[in-house]
Each structure stands twice: as C-alpha cells, then as structure tokens.
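Dropping a structure here in structure tokens format, bear with me for questions.
The chains carry the letters A, B, C, D and E, assigned in the order they are written, with residues numbered from 1 in each.
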C-alpha cells in the first residue's frame, strides 16, 4: 500500500514554450540575452518616426518601454505566496534582473503583488495602499487566495478574490506559484504594458 | 588639455562659434552675436551643461555599477535584461519615474514638499562645479574649492529635514531627525580629517592638493585621517552601515516615505550624486587624484584624457569599496552611531590633525610617503 | 576560513575590532570571487530548472547551489487528462478538497451514459494531488507545467479538451503513483432492501455490476413479500474502482461499503 | 518629541507578514506595544470541521507556510490518536526526516529575514539560496516546494525516490559549510554583536510565565524541547542535543537557532542512514475504511457508512521550528473532525511582546521581532 | 505522575468541585472540574503541582453545552495535563486563568471570540483575530460557512 512503483527513466521531450534548451552560455552572451530583444523595438520606434505617425506613436513606446522595464512592486507579504515572492528575489531567480525592485512605500511603487489571502480585516488597508500608489499602477493577484479565495474561500473572514476590491491585471494561478510562475506573470504584465494605449 | 580649465575650453568654443557666425551673418545681428556678454553667458551655459550631463551620466552608471556589484556579492546577477547587461536599466527607471504622477499628501506642506528634494538635488549637482576631474577640469582657479565643496555638501541635512518634516509622516519625521542628527554629528570629524589633509598640503584648493600628491599619495602618512574620512563619508552618504535615516526595516523608507515619482527620483539621484562626490573626494584628498605613481610607465598617462580615465577608475574602485562594505555589514543604531561619532571619531580626527601637524613640523613627510604608499 | 577560526570567532567576541569588521567583509569578498563569472542565478525565461543540464547535476554541483537533480518530475503542476481512458467515475471531483473539479460532458459517450470528464479551475485548485491519487485509470495526472499567469480569470478554467492538449504535449508526469490497498472496501448489498431497479448497473462507469436473477424466496404464510423484481446486483470486485456511484444512485440505500467476507 | 503611537504594519517591512505592532514612543524609546493580530485569520479551524481527515492536511501546509511539514505532522499525530491508528516505523522515520528538513528550511528562512532586518543585505540572499536547496529536496519526494500534502493519517503518501539519500547528504554537507559562513557574517561582525547583545532580554521565569516556547525559551536557558522531553515519532531512537544558550537576548536566540540547524543536520544523517537500511511499508495496514484508500471521497451523497466508528480525542504536541505546537482533535465518529484546535507557538511568543520590547529603542524592534521569528499564518490560522 | 496522583493531590483541596480524573492518551490525565473551583484549581496546579506553563485554552461547542480545555505542562514532571470543564450554553462563564498564568490572556481572548466563552476578571477581553465589532462567534456549531457555489467568481475582463 502506498508503495512507490518503479519510476520510468525520465526523458525530457521538446517542450512548447520552453524555448530551446540553452547550453552553458558564455558570460558575455548571457548578459546580452535579452538586450537583443530591444533591437526590434527600437526599429519600430524609428519606423514610426520616419513615417511621421506623430509624437504619440513615438513617445508612447519609449515610455511604455521604461514603464515595463522598471516595475517596482510593493514590498509586503500576506501569506504563503509572500515566501515564494521573496524567493523570487533570492539568488536563484533574482527578479531584479528585470528591474523589479521591491519598495516599502506605496508612493514609490507601480505594481501591487497581492501575494496571499486577503481577509476582510485587511481589505480596506489594501484599498488604501492601492490608492496611495501613484498612477500608472498595476495589480497582480498572485496565487489562488488572491485570485479567488483559494482553499479558504468558504471561510467567514476571507475575501473571495482580490478583484472584488481592486482591479486586477494579471492572475497567477498556483498554490503558491513557483517563483518562475511569478516571474512569468511579471513578464505577461510587461507584455500588457507594451501594448498599452494610454 | 592640462593647461586649460573646463571653463576656458567652453569659452573658447563658444567664442569661436559665435565669431564665425557673426562674421557669416554680418550687420548689427552679427555684431550683437560677437557681444562679449553673450559669449560669457553662453559659455557658462555650455559649461554648466557639460557638468550636468557628465555628473548625471556618471551617477546613472554608478547606480548600475552598484547594482551589478551588489549582485555578485549576493551570488546573483543584478539588473541584466534592459540593455546590454542592464546598462539601460536606470534610464528606464528614470523615465518611468518621470512619467509617474507625483502625489502630495493633503496634509503635507506644499512649499517644503517640493522645495526640499529640488534643492537637495540642485545642491548636490552644484558641487561638481568645483571638483576638478582632471587638471583644469573644473570651474576655474578658485582658491577655496575644498571648503566650497564641503560647504555645499553640508547643506543636505537642512533640505532632507525640510522635505521630511513637510511630508507630514511620522516615519519621515523620524528619518529626517535621524538624518539631521547623524549628518551634523559626522560633519565635525569629516572636516577635521580634511583639516589634516589641508595641513599637509598647505592649500584649500583641490587642484593644489592633488599636485601636492605628485610624489606620494596622502593615504600613507594620513591613514588615520583616511579612516575617519571614509567612515564619516559613509555616514554623510547615508549608506550601510550608517543608513539609519532610510532604515528600511523600521522606518518604512525613511524620510522619503511619502515621495514618489519625480521627487523620489530626485532623492535617489541626489543620494548617488553625493556618493559620487564622496568617492571623488576620497580620491582627490588621499589617492592622488588623476595622477599615477611615478613608477607607472608614462605611456599610461600620455594619451588624451588619460587623467580623467585614471581619475574615474580610482573613483569607481573607491565606490566599489563602499559597495563592499554595504554588502557585508549590518546597520548600527542611532545612539551607537552618535556615540561613535562624538566619542571615537572626533578624537581620532583630532589625532590625525595632530599627526599631520607633527609631520609638517618635522618635515619628514617624504619619508612617510615612501614607505607605505603606492605613489612613492 | 576554516572551522577552528570560526569557532574562535564565536568564542571571543569583542577583541580585535578591525578584524571583526574585516571577517564578514572577507566572507562577502570570497562569495564575490566565487560568483564573478557564474552566479547561481538561473536566467529564468531562457534557462529553466527543468532543462536537462540542471536536472543532470545533483543538487550541489561544483560549489554552485543550482540544479535539483534528476527527480524534478515529481512536481505537481497542471493536470494532464487522457480523455480516451477516462471512465467518468467522478472520483477526482469527489476527492478534491477545494471543489475545483467539475464534471462536464464531452462528446464521445452514448446518450444513456454521457461521458463526463473533469474540468479544473486552476484559480481554486490547491495542487494537492488528491485527484490524481484517486484516479483509478491513471488518466488524470499532474505534470511539471507551472506557468499559469493570465490576464483573464476565465482562462484559468481548463476544460477537458484543454487538459487533453496538456496531455498531448507529453510533459513529464509525476512518476510517483500510489498502489491500491489490498484490503480495500467493497460494495456490499443489503438484500432485503433491494428492489432490483438496475440503477447501479446502469450508472456504473466500469460496467462491473451485473444484475443476476436470484431465486424468489418462498412466501411464508402471512408474510408480505417486498415488491421487487427478483434480480440483484453482483459486483465484480477486481473491476470495481470504488467510485461509489452505485451507492449514490441507489434509491433504497441498500448498497454500502464494507469488507467482503 | 512628545509621546505618539505609531502603527508598524500591516504593510511594514519589519512585520514579515500581516500584523500590526502598535508602538507608543517617546522619541525613539518604546513605552508600550500592542500587537494587533488577525489580518490573516482564515478560519482554518472552522474549515477543518467541513473537511475529511486527510483533506485537512492541505490546510495545515498553508497554516504555517514556512513550516508546513511540522504542522502536517502535528495534525496527523492528533488525528491518528483520535482515530486510533498507528503508523509503521518507516513512516515515523520519514516524518522525522520531514520535520528536520523543515526545521532547516524554516530556520534558514528565519536567518534570511532576520539579517535583513539588521540591514545585512547579502546574507539574506545566501539564506534564501540555501533554503532553496532544502525545498528542492522536498520537491523531489513530495512534489511541491512549500505545500507538500505529504503525510497521511496512518503514514505518509509515498516512499523516497531512488537516489534521494545521496542527494540529501550532499545538501547537508553544503549546508554545514554554509553555517560557518553565516557565523562569520553575523557573529564575526562587531556591529552585529553591538546591535544584538543584551537586546530583547526575556529571562527564563518571565518566558515560562508568558507561555513562550521554542528557541526563545531555550535561549533563556530553560531546557525544554518536546523532542527530548516527550519524544514522538522516532525521536526517542535518535541522538541529538538540545540547543541551549543563557543570554536570553537576540544573540542567544541566534546561537540557539544556528545550533539547532547543526543538530538537525546531525539528526538527518542518522535518519538517512536508517532509511537506507530499513525498507518497508509507509502506510499503516489497519485504517478506518474510508481512510484505507489513497483517495478520500467526501461530499458525495450516498457515501454511506453502515457502522459508527469509534470516537476519540486526539492530543498531540510537537516541537515545531518556532516552538511548542499542540493539536487537539475531537473525533465524533464521522468523516470530518468535530473540532480541531491548534496551539501556535508564535501566538504565545507574540502575546508576550510587551515583556521583551518595552524599554528598547524603535530601531531595536526589527532585530527583536526578527529573533522571535514571526509566522503570521500560524498565529492567525 | 498519573491520574491517581493528580486525584490524590487535588481531592482534599477541591472537594466536590473535582469531578474526576481520567486517563488520557499522551498526558498525565484529564482533570474534570466544576467551574466554581476554577481559580482554586488553577492555583493548586501552578503552585502545588508545578504546572508552570499554560499551553493553550481551547473552547469546544457541544451544542447544548460548552467545554473549556486547558492544557498545562510541567517542566518537573515533563508531562502535559488537561483540565476540562463544561459550561451551560446559556451562561458560558468561567473564571479567567490569566491571573495565574499571564499567557492565558490571548488564548482566552481567542476562546471568547471564537466560541463565546466569557472569562470573568479577564484584564482585556476584546477581539483578537476578527475586527472590532464582529458580532458572531465563528467556531460555534450554529455558525455555518458559505456554500462554495455562492462565491462563484464574477470574472471581470480587464
């Protein structure tokens, strides 16, 4: 009963979305791995300038580039996901690579990562913090508790989903999500900001 | 370039351009263009612009440098995805903060709330006007550049306290008070350590002080003064282990808790400007400025802008030391900080002054200079 | 620094103040030198922990704490559902502590027995693995996929078809499977209550219940025979997956769990 | 400056979770404190009453999110007593393995948070990095990093995968080296000693009176460790020492926790050796019928039990990384527990906040509270 | 220490207030007492039998009555002991133990908040986990949780 059946030899198949498996990359290249992505963006902006599409088309990509590459999340921890949130800033995942630096004061933040269960007791404080953040601002509901109450959604004290309190831009499922999943959520948010029409 | 000051270069540039223009245009407009007042004004503007851009660019690179360095100390990579190796990260940060709304709390004092950070950043930039970066690369031959630089440097607690008080937040207020107390306490040993240098160099002019170090750098004979100066400078720059005013663990963000957007960017900018000034002062006062030890082959110093290059290299190495300290030491407490400041630092600084005076009196400075310093 | 020196550090605090500031700085500098060329950071979207080169290394390789070794596949992420082998037994939905699994009809069943497969709401799922432990056919398994960020809440609800897509990606699946206990409960019958209505046999997902004729008991004088068709369900224990469907549809509550004698 | 109240929390870098420390200050001197809890109250005890015995485990992992295994173990011990189940021996050793790895993980997380409170930046990263290794090991046999759902009433879910013990030993070697590094970064630093010595003093009698347990109590010189005093699982068959210090201050708590980590490594080596040599079942043979299957259908109408199972009350105590945790599980013969009551060590440690905070400076709050190792999840439940 | 020792040690002091001492798995025993002798029992446990550490106070709602369970630990005997008393549901009052063990303070606040048991002479009986003014006692059996279906997330497309 409950014995371990012999695991089959593990073969990692090619994975959709996982990208090609990178061999050990030399120092110079790995630092540039994402810088290459900026070339098309710069081209786009230049094309817009050449086509005289107007100031709007030119400036918005620049500011959106700035906005999406320097997201300062609010430094607070609600529950379990906060530990994974901290782990994402740890050495192994290092969210600062993307310019994500947690700040303790809501005035300096543009991203609120709701990383845990929101109770009714903390709800109005969450709303206050959200309102203290200056525009433009985004909210990520990290984990199932923030998404919809999670395992505690039947409880008397738990808000079943932070989207009942503040508008949510990205939901990250997981209980708690791995740090990679959190980074994936931030990258998705970057994609949202890139396509933003102010 | 060594004979000309930065101002004279910009003056000559503006002069030549305007005269050529004036000749080409002719008539009363041309004559007006050759007006000396206009040339002087424009030359000042160009000079100020060069200074501004140079200091801001350097600060931004400095932030990047710190982030990358800290990353390696912490076994991680630091900003790396914005631009090559994250070089554009701080431009993104700056642009984003520029676009952010600036929220002023309703109860905050409007004048102080905006005046504090602006004056803080302006005074921090102004210091660069008097700092020689290479021989002649400063505003000109003022006899008291060191005093002027330190005077402007010590305006900061006033503006920090104004911005902290006017933002009407308890954490800000405590941070501002701590900041004022700390900066005033460490102002004294800082100046006393500088006095030691001045006694040995015999001048208040930074350029002269550097030239006095042609034969030996001052860190060898004045090592006590160097230690006091670096420690006091860490406190003045509000960096770990003396970053109590921004102590994140107890005072949320210290005196800039209520600031966001561009005003917060001003604070960050001014902090790093001051860090840059601190590193530059260490290099100028103790590490021989843009000069290299005499045993270095002359090829290393003969190419154009070599002085600036070596100066920047030294500055960044000194700043790297500050980052190293930040990566490995915890924060001290206010009372300990003040006790260390008043009870340890000031006697040490006085000792260093005494030592410097003794050195000058017995004229044995060169002997000391030969033994431990690189610049023998 | 080696052990004895560290010991002295703990034993004699306070002396040599300069050395005591220098010691942490030396430690930090050593770390700096170690991580200068290759910090232990994994450049996430471009490198992944499930890449073979991280999985091949053991947990601590070459002084770098990266790599989780060869057992990454146990991770409990998104489910994969093989619709073809699903028998609509409902066990996954029963066993879900968060009630995030809903059985929805998928094409492929006959009108009498509509085929129902789990639809999972990942906004509620707590990834506990009770459902895949409960799945008797091994068709609902958990894979190593974990990226579930989406701007729309509705996209977190994975229909059976979407779970099938995950299955078809052939992601590594959790290799630890539980075996069925030997002394498991069986479905028992309380014959006097049974009315032979065939509901259990009709709804049994594995068709392991057959209705067999039983002899009609002799009527004793004065005793009233229950109204029933003289058939009784017989459960084939080796095929039964213990889903309890028969028990829940029985109108007379005459089926129950128990040990077969 | 006149007296004022400040709210440290719920969003404050010091709190490491959702709670609010109201502090009355005179300048920077603390006159009074009043911890305000409940911002993370999720009603776990109430939800447990609506859940099957095995399903409560999913709540236990989330109850204390840095020490999920310890809380699973606590609940499972209580539930097993209430249901009259005895686990096999190998399961007991596996539970000790889980507990001690969890202690390592929790203490590493504490180390990271604590040094961050002091302003030490890089050790935070080192702590998180090394904790990830422990989580990797957890992931390799339970399938999750933090919410394991590994223990079951009557045993554990599955056995260790092949090759686990060798990997675990490598991680233990790595960690043993790191502990030395941690000590150099903290104890070797004059500033650290100046900050932490004589701070947050809570003497033994005060600690006992206020219900303080765990490393905080042992740092005050009181030798109480439930693993030794009242052995559960396989602790009576293993050798280890109780970490003790007598400074009763923040440094003493640091020393106790570091020593506990070393003792955990020692315990884990014994457990790994034992597990290598003693294969066997990991789930008990005799379970209540509805627990016998690996799955546990609940909420299905018609899951009829023709028999009432024996009632019982289970009482269990484990030495959680934070201190003494109790579970009181009332079984009234149904599928769900009738009442589950947990005792969180941090709950009691926090309730004594006034005794070790008043009289210090506001800058001392982060290191003192860091040395308490607050996990709000288990306080509020 | 076993149930008999406890019985012997307490019987003379408490008299009829001591309803009995049962054996209880994992502890030295469970002392059942009448709430009229609560304070006396607490003092006796702490001062005479050396149970210096109060671990927790648990309230249990048995619909028609309520039970308070105190868990004590003795560093001398290295054993737990349970104290249990039943209170009528219409008058759930018992003397507070926080005068004897200060650690009872928060545990009793929680028991009052969750199971509606009033502790007389408690220094600070106010809400601990729920917001101030919360009028219900969630761990009573009569308090029902939400139906999960009533909480279906209204998906907002942003």
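Please note the rule applied: contacts are C-beta pairs under 8 Å (C-beta built on N, C-alpha and C of every residue); 3 or more make two chains touch, one makes a residue touch a chain.
Bear in mind that the values here come from a model prediction, so they are computed numbers and not experimental data.
S.K.: Stepping chain to touching chain, what's the minimum from chain B to chain C?
M.R.: Each step joins two touching chains, and the minimum needed here is 1.
S.K.: Which chain is most remote from chain D in terms of Cα centres?
M.R.: Using the mean of the C-alpha atoms as each chain's centre, the farthest one from chain D is B.
S.K.: What is the chain whose Cα centre is as far as it gets from that of chain E?
M.R.: That would be chain B.
S.K.: Count the C-beta pairs in contact for every pair of chains, then give the pair with the highest total.
M.R.: C-D
S.K.: Rounded to the nearest whole Å, what is the centre-to-centre distance of chain D and chain E, using the mean of the C-alpha atoms as each centre?
M.R.: 23
S.K.: Compute the distance, rounded to whole Å, between the mean C-alpha positions of chain A and chain B.
M.R.: Inter-chain centre distance comes to 36 Å.
S.K.: Between chain B and chain E, what distance separates the C-alpha centroids? Give it in angstrom.
M.R.: Once rounded, the distance between the two centres reads 64 Å.
S.K.: Could you grab the centroid distance between chain A and chain C? Build each centroid from C-alpha atoms only and quote it in angstrom.
M.R.: Chain centres of chain A and chain C, defined by C-alpha means, are spaced 27 Å apart.
S.K.: Mind pulling the chain B residues that touch 2 or more other chains?
M.R.: 71, 73-77, 80, 248, 252, 327-329
S.K.: Going through chain D residue by residue, note those that touch at least 2 other chains and give them in order.
M.R.: In chain D, 12-13, 38, 41, 43, 46-47, 50, 58, 62, 122, 125-126, 129, 132, 147, 157-158, 161, 185-186, 189, 191-192, 283, 285, 294 touch at least two other chains.
S.K.: Tell me, which residues of chain C touch at least two other chains?
M.R.: Residues 21, 24, 27-28, 31, 39-41, 43, 65, 70, 97-99, 123, 126-127, 151-153, 175-176, 178, 181 of chain C each touch two or more of the other chains.
S.K.: Which residues of chain A touch chain C in the complex?
M.R.: Touching chain C: residues 1-5, 7-8, 10, 12-13, 15-19, 21-24, 27, 30, 33-34, 91-94, 97, 144, 147-151, 153, 163, 168-175, 177-178, 180-181, 183-185, 187-188, 192 of chain A.
S.K.: Of all residues in chain E, which touch chain D in the complex?
M.R.: Against chain D, chain E makes touches at 24-27, 52-56, 58, 60-61, 69, 71, 73, 75, 78-80, 82, 101-107, 114, 127-131, 138-139, 143, 145.
S.K.: Which residues of chain D touch chain E in their complex?
M.R.: Result: residues 37-38, 41, 43, 45-47, 50, 81, 208-213, 222, 224, 229-230, 313-317, 324, 326, 328, 330, 339, 341, 343, 347-348, 350-352, 380 of chain D touch chain E.
S.K.: Which residues of chain B touch chain D in the complex?
M.R.: For chain B paired with chain D, touching residues are 70, 73-76, 170-171, 174, 177, 240-241, 243-244, 247-250, 252, 326-336.
S.K.: Where on chain D does chain C make contact in their complex?
M.R.: 51-52, 54-55, 57-58, 62, 122, 126, 129-130, 132-133, 136-137, 139-144, 147, 149, 157-158, 161, 163-164, 166-167, 170-171, 173-174, 180-181, 183-193, 197, 255, 283, 285, 289-290, 292-307
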